[in-house]
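Structures for review follow.
After this come two complexes, each holding chain A, first together with chain B and then together with chain C.
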Partner chain A sequence: MEMSRTTAAPVKRRRLFQNNPSVLWFMGQLGLFTLGVTILSEGFGIGVISTNLVKILGMTLCLCLIAIAMDVVWGYCGILSLGHFAFFGLGGYAIGMWLMYARTEIVIRESLAGGTIPPTEREVSEAVASQIFSVVGSNELPLIWTFAGSLPFQLAMVVLVPGLLALIFGWLAFRSRVTGVYLSILTQAMTLALSLYLFQNDTGLRGNNGLSGLQNIPGFLHVPQSVISVWFFWASAFALGAGYLLFAWVVSGKFGSVIRAIRDNEARVRFLGYNVEGYKLFVFTLTAVISGIAGALYYPQAGIINPSEIAPIASIYLAVWVAIGGRGRLYGAVIGAASVSLLSSWLTGGGAPNIDLGFYRIIWTDWWLVMLGLGFVLITLFFPKGIGGLFDYLVRKQ
Partner chain B sequence: MTTLLEVSGVSVTFDGFRAINNLSIAIGEPELRAVIGPNGAGKTTFMDIVTGKTRPDEGRVIWGERSIDLLKLSESDIAKIGIGRKFQKPTVFEEQSVRDNLAMALKNKRGPLSVLTWSATEHDKTRILELAAEIGLSEHLTRRAGDLSHGQKQWLEIGMLLAQDPRLLLVDEPAAGMTPAEREHTTDLLKRAARTRAVMVIEHDMEFIRRLECRVTVLHEGSVLAEGSLDHVTRNSQVIDVYLGR
Partner chain C sequence: MPRPSLIAILALCLFAWSLPAPAAAQSQTPLQDVLQGVQEQVARPSRAQVGAVLEALQAADAPGTASFLNRWAAREVYERPEDGLFFYGREGPDRSLTLIDIDTDAEVAEVTTRDVNQIRVNAGVRREIEASLVTFELLATDRDRRIGALRTIARSPEPDHIPALETALAEEEDGAVATRMARVLDLLNARFASDSATRVAAIEGLSGDITTEARRVLNQILSTESQFATEIPEGTNVARIRTPGEDLDLIDAYARLAEAGLVPPRPGRNAIRDALRANVSDGEVAGIPVHRLNTEEARREAYRALQEQGTVPPLPTQAEMDEAVGHFVFFDVYEEPDTAVTDAARDALDSTRTAIGLWQFLSLSLDALSLASIFFLAAIGLAITFGVMRVINMAHGEFIMMGAYTGFVVQTLIPNYTTSLIVALPMAFLVTFAAGVALERTVIRHLYTRPLETLLATFGISIALQQLAKNIFGTQARPLTSPDWLAGSLALNDIVSVSTIRVAIFVMALAFLLALVLILNRTRLGLEVRAVTQNPGMAASMGINPDRINMLTFGLGSGIAGVAGVSIGLVAQVTSEMGANYIVQSFMTVVVGGVGSVFGTLAGATLIGALQKGIEWFNPGNTLAAQTFMVLFIILFIQFRPKGIVALKGRAAGD
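Here is the complex of A and B:
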């Protein structure tokens, strides 16, 4: 029995690649991209790519990771969640608490070290609290920050907080058999409520100020950002690769078959004896956890997180990326998220030259959203399979 | 032959319309039973109640030796307990291959974790091949189910039903849209299945029912109007009035 189990594993893995040649291809591309960026970076290579651009690319990889999670929950399982950025943000907040607390603690200890008597733990903790929370008019450490100084604890929170929220929300929603557009509205309400809650000053997460200075990594404060940016880029690339493998495995076998069947006709799946609600909950929670991990890697690169990050519009963008890239194919979500978010930061970041038509000046910061909206409508109408659908077309032509 | 399913005194009302009215019906194991009746007689609603899709206002639905109350179970639990259903309109998963459709229906563990780590055993593989042979789709295992002909989809759905290995098969209009040759094949399939289990067939086509050579229950306005052999019920004057005479 044990023997057969150990020999079965490689067979299965080979089948995963055989059935999905795109997985191997994607891994290759991701590896080459990571190598290329490293060689061109300021921290580890010849310095063609600025540190800022390395951060943008690393953040884009995190967005690709949440996009494939969105593709699994929407494109494969048919749940149009418009709230997955809430999980992304919660992951960011969880790691942000440690980054901010630990860094402030180091700074406080250094400044107190000059005194004649060494400071007590209580003095340090109070000084940290007033340093972090004076901006919201408080000098007490909120209850949820009790273990903020512990990296393992906050790392566990990165997974547990989004996971538990998704589990409870999903359990309530799915067992009441809320589906379709009503479920989408419910998920929007969830992310809106969370964002409005976090905007308040007394929630212990610094209200609209959010958490900042997250690019400074405690213990590595002397390491230049040009090096740290590449570390995070590697971590993001690794997470995207691992997430891609995990999801490719999840959707390739019978499990993938069942969730696609749920997407197409959930009542019929019930009559086959499958507990549809259990499957939805599983997929919803798993993708929420991965979204939390993506957020925890994103915000140290962004440097700041505040409640507007989890406003409802963020989750709608996520759905737009996946639709543009092509639903129901993981690489489609990656293409959509990468192309749209990079294009967006190029056009709105002042990188693109404005076009003077003589009678009218096209200012990209104003026109970008109009173009995105128009593009979304056109793709939905004429290319329901998105950019990924083009690959099908090309493959068939060969 | 022991009683497998017993429905007694069941009524259900939709917006004031009494779809099922004090209906009592029982089926044994093994048995082949045909259910006929005009449109609106409550045939499909009856199946909805047994499979847990619709909850009746009153009455009892009792299953098996241990007299399990089906009204307390969810659709998926009822399916797991051994009741399979074929819908009127063929509902197979069109985007997926014939093999994947059958694999999903195979009698295996249904929990997310066991499905996630599932890989076909030799037994599963042979079973899929046997089923495909039985429903005449051996050549089409890798085809997308949506590309099958109407009759082939009906068979695939029957194949999925057999794959579940249920004790009771509820089959809603299996011969709809089939050619005469396909109908004959379908009759054979159902008769063979009924050797070891209970099979209940809803059908309009009298010729099809005659070929099933089984006991017939006539429904009318949500309750049983007559029951017996086909010859017996077709001689019943009430049956002639409401159904056959038209």
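Here is the complex of A and C:
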């Protein structure tokens, strides 16, 4: 995606920024934020921000990335997908397999190196398998782990698995003209099926134990987490910036007009001779791939991934973020995802002080979801444009 | 439901009718008198004379005889030398002994063990007594006791039981009991009879018998053992000959020969590695540098080099193993030597398997039906709100949860489970009806033109309600106990059984279906609902108030969800997340069945229930896999029939 933009003529880029003044502004903000966090971090700066907080901020950037993908597919193209977290999770699993395999292999090789004769490849892979899979009562390496030791292969999987799944699913769904709430329910069924599948112990991804220890990066096992967390923060910021540019480019220009037209009146676009299914399929697949990449950056910072991460509820939260932020505008999705997920982790993490009303004590961990749910209803009813709508209001007032 | 009062009346009648019974029992000879009649033989039992005692006891059939026989055999009976009376004794500290009257169970006296004679029963006599105990029970006048004895024999069959059973069968007058006796006799004869013809006949009698006891007996007869020999000995009852390389692993076959000491053992991968480790010298093994030993081939090569030096046991080549194994025949042999018996048992088991297959299919169908009724109950409310009104209510699951918690609260207030259930059902309807109306008035009516946003707004309600339930009731699962008369199960045979509660839920689902069809098709409200959903403008101009109808319809759908919640709570745990478990499945039920049709929802629920159980049949014990494949199937199904099984046509189809 980097390539496509650099090869684009400067004329086009000027037009992109002219059409979307918010892109440059967003890039500036993101750059400043990244710089600020780096200076304040433990690994590279003065250590005001703890490593844990750097990780949370990096993870939030990944959530912002999947939120703008969701915004493009829903806010711009009108497909309310309740399954994009499945792609996010698949990206995480793909990279998690390499992280877990390669780290275990290093540990196993170190422990076997002490023997009088060197271990065979088979001995190593058997030892790795029994180390990883003893928790689900198996000691054989499942077929899908055959190339788990290869970073390029698993990186390709980060893109290919979500992309192919979205392509096949989208092709089936759009071809038979499943639209509206039916499509939403179908995507929800997809993510439910996937999470149920991954919950099984015999599917080769450790069932409900998931993949763990992902924060240890093979090859950099002796680099402290404070440094690694900043690296991942940078990577997340870069991915968010690149993703933002890519999507800003996609939704501007003629392509953007067509997908917005599909959102507003699908039948009319079809009668005008456009291949509606093709456009939808492209948007669905592209956003799925970006979601996969976001997941691949998110889970090494989270350290663990398990099937409950891709339960239907996660994808619904994604829609909530985008709706609160204001759909149909990329910065709205970023604002929604960042504010709601940070507020959520602050309130449920015990960071916020409980309020004693005398007759009742408000404990935020108990009441946050109630507030979020009701607040969300109010926003849907009275502010359908979300927080982003406020900007419109202010601009018009000026 | 007049059940408890009915039971009370029945009990009263029974009581009145059975009053004369104790008087009749008293007219029987007390056990003590019977025993005094054969005092000498009881006090000094011997194998030759025990028969007389048993006959006497049998003839008198005094109450407590079985208990006496048991305790007699267990040496708990004492004789008082002064009058020759018998007592049960309970040993206390310091050789003290409490004498207990045999007939009344009353404590008679406190003595020491020196004052009375403990009756010592030797092993031979004990066996006689125990055999007679079975006979005694089999010949009891009480039918239930005879059946109980049969059950005990079937559970732990012994060869000694055969003559007793034969005697009992000859005297049995009750046809049903006689049939059971004959069957148990077959069970015993199949395993223990001495001549082959009797056994074969008995086995043929067991053919098609699906009880676990019968199958266990047949499987026991057919148990095999793996053996090998240079050639199969004469008179061996061979079950199967195994060919190495085909249905027997060559390395396993060789290992078995090695185990028997016929060939030198074959060193495995670990043995080779250990041997190499032991023979490392100057950084190499038999001339091969250590660092090269990181492949299987290199290791074997090094091992063979060591083998030539004679330092390690030989590693047989493929050809050598083939040759060694080729000298022997590997076969499975029946532990039962008689071919006629094993053949008959195999045939019997085959026909039993067919019968089992049929019964299991029936059982599976019942399971599927029961699952389908749960899906139907969960989805039926949605069939109204989503199917008829086209409102996506993601909080539907929370209405189910709300209904279940209403049931729980009612149950904590009213301790009688039957009454509380009767109160809980309408209560749940009222609570969720009110909640539904409130939701429709405050949120949904503003969003009728924006279906996707209804989805999101009701999802907000859903997470808020879930968290509220968690705050109020805590996170642990709350039980919703069903009354005793719903707790049992209906068993047709050893394979097919349905718990009563599932039957009740099935009946409930049927009742719901009927009620809903009646309301929608036969009442004023139903007419107005259909009118408003098909064309609100036209309905309004005909004098129908669409607001009121929408409110009532949504309330009705929600209220039904609440009642469904009570029934689901009886089979599943009541938690704040129980609704979320059903919501996706419920939507799929409605979509698969066909939006807008109650019968469609029924068809959808039946299809999904049958499918899930069907998949479980192929992959037993893996509910998760069944659910995964079911969801995949639904995704594919919607590809080919996007409007569902029952697709509405014409104006009713709306769009």
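Here, the second predicted complex is superposed on the first by the 390 of 398 C-alpha atoms of A that agree within 3 Å, B and C clash if a C-alpha of one lies under 4 Å from a C-alpha of the other, contacts with A are read in each partner's own complex, and residues count from 1 in each chain.
As a convention for this text, contacts are C-beta pairs under 8 Å (C-beta built on N, C-alpha and C of every residue); 3 or more make two chains touch, one makes a residue touch a chain.
The shown structure was predicted, so the numbers you read here are calculated from the model rather than taken from an experiment.
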Which superposed partner A:Y279 touches (first chain B, second chain C, both, neither): first
Touched partner set for A:S257, first chain B, second chain C, both or neither: first
Touched partner set for A:S184, first chain B, second chain C, both or neither: second
Of chain B and chain C, the chain that contacts the larger number of chain A residues: C
Chain B versus chain C as contact partner of A:A338, first or second or both or neither: neither
Contacts of A:E121 with chain B and chain C, given as first, second, both or neither: second
Touched partner set for A:N265, first chain B, second chain C, both or neither: first
Residues of chain A at both interfaces, chain B in one complex, chain C in the other: none
Chain C - residues contacting chain A, complex: 273, 276-277, 280, 285, 290-291, 293-296, 299, 392, 394, 443, 446-447, 450-453, 455-457, 459-468, 470-471, 580, 584, 587-588, 591, 622, 624-625, 627-628, 631-632, 634-636, 638-640, 642
Partner chain B, residues of chain A touching it in the complex: 8, 12, 250, 253-255, 257-258, 260-261, 264-265, 267-268, 270-276, 278-279, 282
Chain A to chain C touching residues, read off their complex: 80, 115-122, 169, 172-173, 175-178, 180-182, 184-186, 188-190, 192-193, 196-197, 199-200, 312-313, 316, 319-320, 323, 366-377, 380-381, 384
Complex contact set, residues of chain B against chain A: 51, 53, 74-77, 79-80, 84-85, 87, 91, 93-96, 100, 103-105, 110-112, 115-116, 118-119, 160, 164
